[in-house]
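Order as written gives the chain letters A, B, C, D and E; numbering starts at 1 within each chain.
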Amino acid sequence: EDLAFASYTNGASAAFLNRELANFAKQSGHTVKLITMPSSSSEQFAQYRLWLAAGNQDVDVYNTDVVWAPQLAEQFIDLTEAMKDRTAEIFPSIVASQTVNGKLVAMPYMTDAPAFYYRKDLLEKYGKPVPKTWDEMTKTAAEIQAGERKAGAKDMWGFVFQGAAYEGLTCDALEWIASSGGGHIVETDGTISINNEKAAAALDRAHGWVGTISPPGVLAYQEEESRGVWQTGNSVFMRNWPYAYTLGNGGDSAVKGKFDVAPLPAGAEGEAGASTLGGWNMAVPKYSKKQKAAIELVRYLSSDEVQKRRAIELSNMPVLEKLYDDKDIAAALPFMPAWKPIFQNAVPRPSATTKVKYNEVSSRFWTAVHSTLSGNGTGAENLEKLEIELTELQGGSW
Amino acid sequence: MAEIRLHQVRKSFGALEIIKGVDMEIRSGEFMVFVGPSGCGKSTLLRLIAGLEDITSGTLAFDGQTVNALPPAKRGIAMVFQSYALYPHMTVFDNMAFGMKLSGADKAERDRRVRQAAEMLQLTPYLERLPRQLSGGQRQRVAIGRAIVRDPRVFLFDEPLSNLDAALRVATRLEIAKLHRSMHKTTMIYVTHDQVEAMTLADRICVLNAGRVEQVGTPLELYENPNSLFVAGFIGSPKMNILKGGLAQPYAAPTIGIRAEHLAISGEHGAWRGEVVHAEMLGSDSFVYVDIGAEEPVVARQNGTASFQPGERVSLTPDLGAIHRFGEDGRALGRLPARGAA
Amino acid sequence: MAEIRLHQVRKSFGALEIIKGVDMEIRSGEFMVFVGPSGCGKSTLLRLIAGLEDITSGTLAFDGQTVNALPPAKRGIAMVFQSYALYPHMTVFDNMAFGMKLSGADKAERDRRVRQAAEMLQLTPYLERLPRQLSGGQRQRVAIGRAIVRDPRVFLFDEPLSNLDAALRVATRLEIAKLHRSMHKTTMIYVTHDQVEAMTLADRICVLNAGRVEQVGTPLELYENPNSLFVAGFIGSPKMNILKGGLAQPYAAPTIGIRAEHLAISGEHGAWRGEVVHAEMLGSDSFVYVDIGAEEPVVARQNGTASFQPGERVSLTPDLGAIHRFGEDGRALGRLPARGAA
Amino acid sequence: MPVLIKNTGFYALVALIVLVAVFPFYYAILTSFKSGAALFEITYWPTSFSLQNYRDVMSSGSFLRNLGNSVLISTTVVAISLALAVSAAYALARVRFRGRGLLLLTILSVSMFPQIAVLAGLFELIRAFGIFNTPLALIFSYMIFTLPFTVWVLTTFMRDLPVEIEEAAIVDGASPFVVITQVFLPLMWPALVTTGLLAFIAAWNEFLFALTFLSSDTQRTVPVAIALLSGQSQFEIPWGAIMAASVIVTVPLVVLVLIFQRRIISGLTAGGVKG
Amino acid sequence: MESGPTLQAQRARAAWVFLAPTLLVLAIVAGWPLLRTIYFSLTDASLTSLDTARFVGLKNYLSWITLKSGRTVYTGLLADPAWWGAVVNTLRFTFLSVIIETVLGLVVALVLNANFAGRGLVRTAILIPWAIPTVVSAKMWAWMLNDQFGILNDLFLTLHLIDHKIAWTASPDTAMIAVLIVDVWKTTPFMALLILAGLQMVPKDIYEAARIDGVHPVKVFFRITLPLIRPALMVAVIFRMLDAMRIFDLIYVLTPNNAQTKTMSILARENLFEFDKFALGATASTMLFLIIAAMTAAYMVFGRVNLSGGDR
């Protein structure tokens, strides 16, 4: 049968996917057409939404973000039965994130978590350790920034992150708050926990960065802008996803070989930092006329071998726990071990709890955070307002 | 080759009535000339006949058949517009050939007819030019050419010669007359301000005044027997001299009119005495303006170059039989019975 | 109030030379009329003087000062365009007032001048209309009005009366003459095809032919002593009769010309015999076309209504002293010495 | 002397306008020759000259096909909407009938809904017609923004044409169709070219419909293809390739404009009428 | 006195034939989607349950409940301050961008209308901003406006126009300015080209009359050119206005989610597709439609746009 697979791809993954799909075709006899989606996840989401709402039968498998499963649960078939032999080997937290009311909405096949990038050379030069807490980071960054600027690097900054008002800011801010003991915006039982002092303090602290150790423009930065500053050697620290690792070590990078990664700092000494969980999954829409073949495809693409190849070739993080101890992978991806502790501290966004309202929750949240960052009210004020908004949004239940 | 009948035709633009109930019959093959003061509705009447405007009320019939609602293309007309209305993007040739092309005429025939018309209108050197590269008179000739290459039932000409020089005007006028004769006597309606054109071309002239027909008749009828003061004043150049009150009284009418050529000038005695105020010399004749105490100076014609100087006192003697008499209402009263010199 | 001098003025459109070296002097306060066949370059010459077109070569001077590069606005001219060029979005009033408004004239004065001009041109009822709601003649009058409300050094008129009826034309012509007198003798240049206008208005007439000046002189000079066959044929309506070869020989010239009014018609004997081919009756006079074996029929004028019918054989007798003689090259040779009837 | 100053001033203005208009594009060209970290460095003049980005774009999947799709779709859209609009404009501009103003407003009101708001409804229609994922889907849906625009602009311009010229044609026996095609259209070149170009570019650059109504890579149009150009990983934006692609897709438009702008000339109606 | 329909009536009938194809196409392509959107704004539809949507009347626009305490609580779009913020942003953006673009468009069009060597190339160059896909040019500008490696900051610093790098798209104070800069850059060519076409249709002999009248070029422009190109200008402005009121992609790419630049379209999209509030999105779209219609109507009344123009 002819299947259609809607997925975002990039240069490397397209080549990889095409090869795997060809493989799959050889094995199963089903050909697969790739429907390329835009890279912006909100655009993908809107597109899927529309297609699904209209009962589009032209797509058989969707590539979905971690946070979407609860929102689209109704329109995808339950994969629990089909995947039950697999799910046991996957990080349970990941499986949980894709399970809604006991229904496995989407099959995870890769995961993602951000890390704290630091400049080895600069820390060495100023004799500083890798910061363990945000406050420490602030101090170190300020010091090195001042020193470097005096030394002539006029454009040097301390820390870059994703400060634009978008989903990325939700991730960043969730990390600051969760690592400071401020909760997870909405807890798994549905309570709105965001309006607390620790969270407010975490936001105020981040506000303190803007314009001092972070460029004012950080308020419009997404991943690429941060990487731009970082990779031209103009920042001491950066919060970013694994992709920046490979690129940072690319041929013409100014920071090639001069940096390393660590888990994100924590709120206080001794606590653990937090990394927001990312990752991608595959789901089969109930409108598909070829569900059986589609499930075969999902099974194939989430199989051990494919995940392993994916890890080796694309540096994608597998969702299978056992692969992290795989020798081949460790050989191919020396930084992989560095990410293991990061995963252990990964926190999910409250998407499972807030279900279809997640996007709006996230939007309200990042708006509040962005306001605080831009000095439009204190953290406490904005979070108080946020709480009211979220309560109203929650209505009777999530 | 169509008889045109207008019955109580009216036309209003908004609240403004421009044509105020025209009744007229134009015979098949007739050459009818419309004259009248600027703005009296000549072009409008032509446009009604062409079907470019809706008739507000009344009927218009071609050969007995009402055509009020017949679209212009179906009426079998050709028209020369007062404002040329050339196709700016087409060459002179194409402008002239366009109508024939549309009617599906044979290419060779089209070519022949256009070239013939161009020759006649002295447009041959300009056939490949665009209208904007032509002089005013040349444009006007193209507009004429465009109409005459076609073979319509009715020709409508709206001041077609106004921008031509005298020689060309005479030549074109003759060509139009020839055309009229040759084209199996196509019906022609012609608007003009030129007395000579009106007098020489027309089978009949229709004098319009403020949307109404004043008089219809052959040129000489109108010239010699205008049935109103208006027609008398309008036909003939220079204008007929109009005298009122005391000056008219001796001729038993409230108002009399006498043409310039019917006034003899002499140094000594005559019916009226006055002072020469101005003399216009045209070469062939002269017009002498004499102030005899009427509202306006009286004009008298003299053959050749005038021998009178402004300021000179002269006498004027009217040809009695040529005196037109008008009533209070401006209607003609009939000539004086006797003829002779005073 | 400006003396205009053209020295070897030439104008080409692309490769086409339209004005071929014109030398002319127009005196300050003079009323100069340009006449010439359609397309000979009259409008172009006017536009050169106005500064609307660049002079290709030669110099144009106003009061001794070269103005080749002076923009039109600075030349102090007013112009009536052959194509009117009214501002389509302005009412008649605004069209006329626009120029004055910009020159900062006082509102009351402006109003007065516009109303005065409108009155004179019989435009008062139309002051609030837009150009497209006017008849052809009304538009033309607006164009005239626009020029005359201003107070320029030089007036340029390009066939300003061509769309007016005879009465209005005479009236307007007189107004223009009056204007000329009243305006401290503003220099006026006037293009026309109307013989009467040319003869009556002009201080001097300039006859143009294919971009060259043929002759400049007072109207009667041109009428009575044309210095070329071209001028002879062009001035006067109907055209001067031109006779060649055997018919001209007796008068000792290759070509002779004789005007219609200098030919006497009689039933019996005369210099030339021929057959009447056509008679045009204008009311005041008649023109009788007689075929005497020349290339074209000869025209003779007869006062009043003609008594000759086509087909009738008649004799023509020229006024000997009025015979114009021309050489092979078309130049005038001078009149016959003696005067008398043949 | 003042003429010189005036001319200098004029050309300075021209230069300024061109500079502002073209600079970003120039910068895009510069960027398209760069790769890697050089992308983040500011340069005003070309420093490197690598065609790698262009090669990448051209070889990536179906870019050439996408270009072809765009040409096909935009051309068809412009042809259809001009054809429809010209005839509608004739009626709206040249014939007086009741409800003309209301009709114009109704046509305009189609352009008053945000594009995203009609997305769902249009999608349903397209699926109902069975033209999802075909060029027809776009040709059809682009009418929603090209038609009101072309109708309005052409109506405005057609109104300005002298009435006498139309009447002359009518008397010459021209049907309305002939009047439109043989008399009006040649006189409206500036308006036609302008609306045509603007509509073409609008169709050429449309993104949202193209993304939603087409699902296979080979059917897609260039804006989507560019947006789908991807770096090596999710967050990396392939600047060099995007700029190269933009340059490539802008070139046909530039050529188109160069060809057609000659038609934007004045004085087309000169000499036609007096008054 | 039998006679068929008047010539005018015949023309009118022919007119409908000429209009029919356009009206038909528009009815099909726009009728259903527009009516659907308006319908959904009166229901509780969500994208997951389009077909089972229930009619709720005007609740999405405005509804209120009186609490036991006697306090009245308003809900619905019209009671949402975010909506009114978007309205204000949109109107501000529209007002500024349309005015600036009209003025600049006029200047550019006048320049392009002049005869000079290389005019064709310049005309083409002018159109480039409009020719680059918005998706691309918005990103390009985001890149150029970047505070760290954006070329504009560098350029302005070099020229000493600013003394420190400005985060154009990030700072609440400059976000709107950044959007305006890009929009003006991008759409001025649109205005310029339409106005240019209008300029080219003005009869030339009128200018000659004006030259004779000694009208100063500036006055010629305001008193003759402008009135004559007014219809073309009005149409250009109307369409610019409609586009500006509906602005979406530029802001979506350049300053997404920035409260200062959130417009009605952005808000509508958010509700339609991102949040699970399809009905509210439809409501916002309908409101946007109504606001645009009102603005257009006001503009036509005050601008004295003549819909039934022409004299036939």
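FYI, a residue touches a chain if its C-beta (ideal position, glycine included) is under 8 Å from a C-beta of that chain, and two chains touch if they have at least 3 such contacts.
Note that the coordinates shown come from a computational prediction; the quantities given were computed from them, not determined experimentally.
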item: Labels of chains that are neighbours to chain A and to chain D; value: E
item: Those chains which touch chain B and also touch chain A; value: D, E
item: Chains most often in contact, by C-beta pairs; value: D-E
item: Mean-CA-position distance for chain D and chain C (Å); value: 55
item: Between chain B and chain C, centroid-to-centroid distance (C-alpha), Å; value: 20
item: Per-residue multi-chain contacts in chain E, two or more chains; value: 8, 50, 149, 203, 205, 269, 272-273, 278, 311
item: Touching two or more other chains - residue numbers and ranges from chain C; value: 82-83, 86, 132-133, 136
item: Touching two or more other chains - residue numbers and ranges from chain D; value: 40-41, 119-120, 124, 163, 227, 237, 267-270, 274-275
item: Contacting residues of chain A [partner chain E, same complex]; value: 42, 45-46, 49-50, 52-54, 71-72, 74-75, 155, 163-166, 215-221, 225, 228-229, 232, 234, 356-357, 359-360, 363, 366-367, 370-371, 374, 376
item: Partner chain E, residues of chain B touching it in the complex; value: 51, 53-54, 59, 66, 68-69, 71
item: Chain A contact footprint on chain D (complex, rising order); value: 35-41, 60-61, 119-120, 123-124, 127, 132-133, 211-212, 215-217, 220, 224, 227-228, 230-238
item: Touching residues on chain E, where the partner in the complex is chain C; value: 203, 205-206, 208-216, 219, 223-224, 227-228, 311
item: Residue ranges of chain E touching chain A (in the complex, touch as defined); value: 46-48, 50, 142, 146-149, 165-172, 255-259, 269-270, 272-278
